[in-house]
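After this come two complexes, each holding chain A, first together with chain B and then together with chain C.
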Partner chain A sequence: MLIAGGSTALVVLAIVMLVPLAPGWEGVKASFFSGEVFAKTFPKLLKAFLWDMAIFAWSVPLIFSLGLAIALARAVRSPALFPLRIFGAAYVDIFRGVPVVLVIYLVGFGIPGLGLPRPWNSPYIWGTVALVLTYSAYIAEVLRGGIESIHASQRAASICLGMSERDTMRYVILPQAIRRVIPANMNMLVALQKDVALLSFIGPVEILRQAGIFKSLLANFTPYVAAALIFLCVTVPATRYADYLMNRDRNARS
Partner chain B sequence: MPGAKLSLRGVTKSFGGQAVLKNIDLEVTEGEMICLIGASGSGKSTLLRCINQLEPVDEGTVWLDGVDISEPGLDLGPIRRRIGIVFQSFNLFPHMTAMDNVLLAPRRVLNEDPQSLRLRAEEKFARFGLLSHKDKYPDQLSGGQQQRVAVIRALTMRPEIMLFDEITSALDPELVGEVLDVLRQLRTEGMTMILATHEMGFARELADRVCFIDGGMIVEQGPPNQLFSKPKVARTQEFLKSVLR
Partner chain C sequence: MKTQLITTTLAVMLLAAPVFAQSCADGKTLTEGTLTIATGNPAYYPWVMDDAPESGKGYEAAVAYALAERMGFSASNVEWTRTSFDQAIQPGAKDFDLNIQQFSITEDRDKVVDFSISYYTAPMAVLVRSADKLEPSMAELKGLVWGAAASTTGLPMITDTIAPTASTLIYDDNANIVEAMKAGQIDAALFDLPTALYLSAVVLDGGQVLGQFPANEATDLDRFGMIMAEGNSLKECVDVALSSMKADGTLGGIEATWLQETTGVPLIK
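And then the complex of A and B:
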């Protein structure tokens, strides 16, 4: 404890003492850590962050619904429904294999480019669609992992009681699977929260875009630092909470 | 055999080219209790799983009340409802209380008034001495209690036949008795039962007929007294000698 505290203090001291000695420090300090610019832009950035929160909030239910549907499509056992499995597998391969930014560009510029009338050309709509497409693929994989982690005898016990495959999935397998993958999904949500900022590339004036506007306006990078701080205020507690859940889960199972 | 409750004819089953059941014939009359004995891996469990169609048979037929239930493409839900099964372990649904474990399937499948269903279930919990445990989760129950809940769950579907797949094998020795008592009780109520078991004393005490299974075949069968005291086949003698020391 004492050693950890001492060494940490030493490192912090070194950074505080040594970094200002760098030749470019004065310039960096003025353009990245200007208190004046920070105070001026922070309220508006915070307001722009509400858009990030809003986009996040309405994307999450859509992502989980679609992700669950894809996971279930991949879990069907009936040979007649095999095409559904193929579709599910292809979907996951494609949207996990393409960078989020690319999906956002392709969907966000491509689909409104078809000449859709207002409000259907809104970048908010198509940006959301892009996030939902990508993230549902990840969530589908997490859920599928959860479904497959449930011991086969649970399914056997259920169908031996005369329950249908559908009821077995709904009442026996899924409730256990979903509980088991909550920590993994929390991490997905943290990643999503950050990736919402990528929508700035196709138009919505959310926090990153707003920071960019301020940067051009004031010729100063401090708004980006402010934006980063705002993100950290949300993502750090969320990540810690996910870790806590993960640890609790590990302890409960061992 | 006319009037047989359950009848297997030439049932054959392989897993990946490995024959697990070879040409099994078995007749079970209503109210009969049959014990399947034999070494682990002899095919006892597979036989039970082929009876309730959890595993489709490769060849042969399984008849229930004169109806072929092994025919491919049948809706198995209504058939499995009539044949209850309890497994060795991992039986109960861990995310539900004992009572919810029991009520889930009847609620989904049987057309029964929820009130009378619950009363019926509670009566069974009481009969098997578990009434005070009905709202506990499986991990709060001992292995023996869990197996008894699994039996109650199967019984609440009002099955016509009960299959038991080594239901005491995963239990600590001191918990075996309470589970066997449940089977004794079912026996007095005239339930048709097929047990795969390693409990030779129990088989001897209660079974109407004991079948010795080895290498996927019924090597010898007969009333317990005859089979245990005067086994005719050399392999049966060897097996009994190794387990009845």
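And then the complex of A and C:
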């Protein structure tokens, strides 16, 4: 404990002492850590961050519903439903393989370009659709991993008890599978929280764009630092919570 | 040689005293008594009409003749020549006294050639879809959904001057703005007038430049200047003539004729 504390203090001290000695420090300080600019831009950045939170909030249920549907499609065993498995595999391959930004551009400009009337052509709607498409592919894979991690004997046992294929999945496999992949899904949510900012490419003025506007207006990068801090306030607790869940899961199993 | 030239100049001055007496351009042009002006090949609407600068029609042709008159050259003493854009801004000797073809004044170009003071500041103009049949009035503009590029001067103008009711959408570049306009996500966008004219004619099908705002030399950065050879003694004379044209409204009048009425892009009031 003493050694750990001592070495940490030493490292922090070295950084605090050495960085200001760099020749460019005064310039960097003025353009990245200006207190005045920070105070001036922070309230508006926080307001813009509400958009990130809102988009995140309505995306999550959609992502999990679609992700679960895709995972189940890939897990079907009946030969008659084989096309469903192919569809699930193709879906995951495509949307996990294309960068989020590209999906946002293609869906966000392409689909409204077909001539949808307002408000159905809103970049908020189609940007959300793009996020849902991409992230549900990731979540589907995580869930499928969870489903496959449940030992085959459990399925065999519940079939022997007279449960249908459907009930086996619903009452035996899924409850265990979902619990097992909660930590992995928490990580996906942290990643999603950051990727929401990519919607700014198709128009919405959320925190990243608002910071960019301030940067152009004030010729100062402090708004980006402020935006980063606001993100950290949300993502750090979320990451810590995921760690906690992961530890709890490990302790429960050992 | 030099003495001979001065003698000739003096002789010409004495002979033509009534015409040349007050001209600041004496002895500074390529051909004595003639102002040689270059323009693009071809020269385009609305800067020069029908590729014929001799007619004095079109914004730059009209400015050129008005300027020549201020400098003491009658219309018949103006010679036209053509250069490409790149030819004009290369360093070295020139075969023109003045070159007028929408050269934006930039620091880098200013190192190799001389610029006159600006004869035109590109104002902000509003690009819309012609199918929307909009009126160029402030009240109408407030009700539209606006788009702008993040790093342009257009954004403060939208938020401060127009102050639309719906929130403005921001994009990285002009292509994305046009795409959003095609998709119906925004109704209007702000560009400098030459860019707006180009986008409406070439890029955006069914585009229309609804109107232009009065130019503001402080915030509108794209200013056009005439080019002269580096270190040209004519520059001072041209600048004096241009500023007097600006001051007495001559330049504004020419702009109203050729860049507002002819292009059909009215001033937004």
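In this section, the second predicted complex is superposed on the first by the 254 of 254 C-alpha atoms of A that agree within 3 Å, B and C clash if a C-alpha of one lies under 4 Å from a C-alpha of the other, contacts with A are read in each partner's own complex, and residues count from 1 in each chain.
By our rule, a contact is a pair of C-beta atoms (placed from the backbone, for glycine too) under 8 Å apart; a residue touches a chain by one contact, two chains touch by 3 or more.
Everything numeric in this text was worked out from a predicted model, so none of it was measured.
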So, does A:V172 touch the first partner chain B, the second partner chain C, both, or neither? first
Applying the touch criterion given at the start, work out whether A:Q154 contacts chain B, chain C, both or neither, answering first, second, both or neither. first
Please indicate which partner A:S65 is in contact with in the superposed arrangement: first for chain B, second for chain C, both, or neither. neither
Which holds for A:S216: it touches chain B only (first), chain C only (second), both, or neither? second
In the superposed arrangement, which partner chain does A:F201 touch: chain B (first), chain C (second), both, or neither? second
Quick check for you: in the superposed arrangement, does A:S164 touch first (chain B), second (chain C), both or neither? first
Would you sort A:L116 into first (chain B), second (chain C), both or neither based on which partner it touches? second
Chain C-facing residues of chain A, complex: 109, 112-113, 115-118, 121-123, 200-205, 209, 212-213, 216-217
In their complex, what parts of chain A are in touch with chain B? 151, 153-154, 156-164, 167, 171-172, 175-176, 179
The answer for chain C against chain A in the complex is residues 147, 150-151, 155-156, 167-172, 176, 179-180, 182-186
Partner chain A, residues of chain B touching it in the complex: 52, 54, 76-78, 80-81, 84-85, 87, 89-95, 104-105, 108-109, 150, 153-154, 157
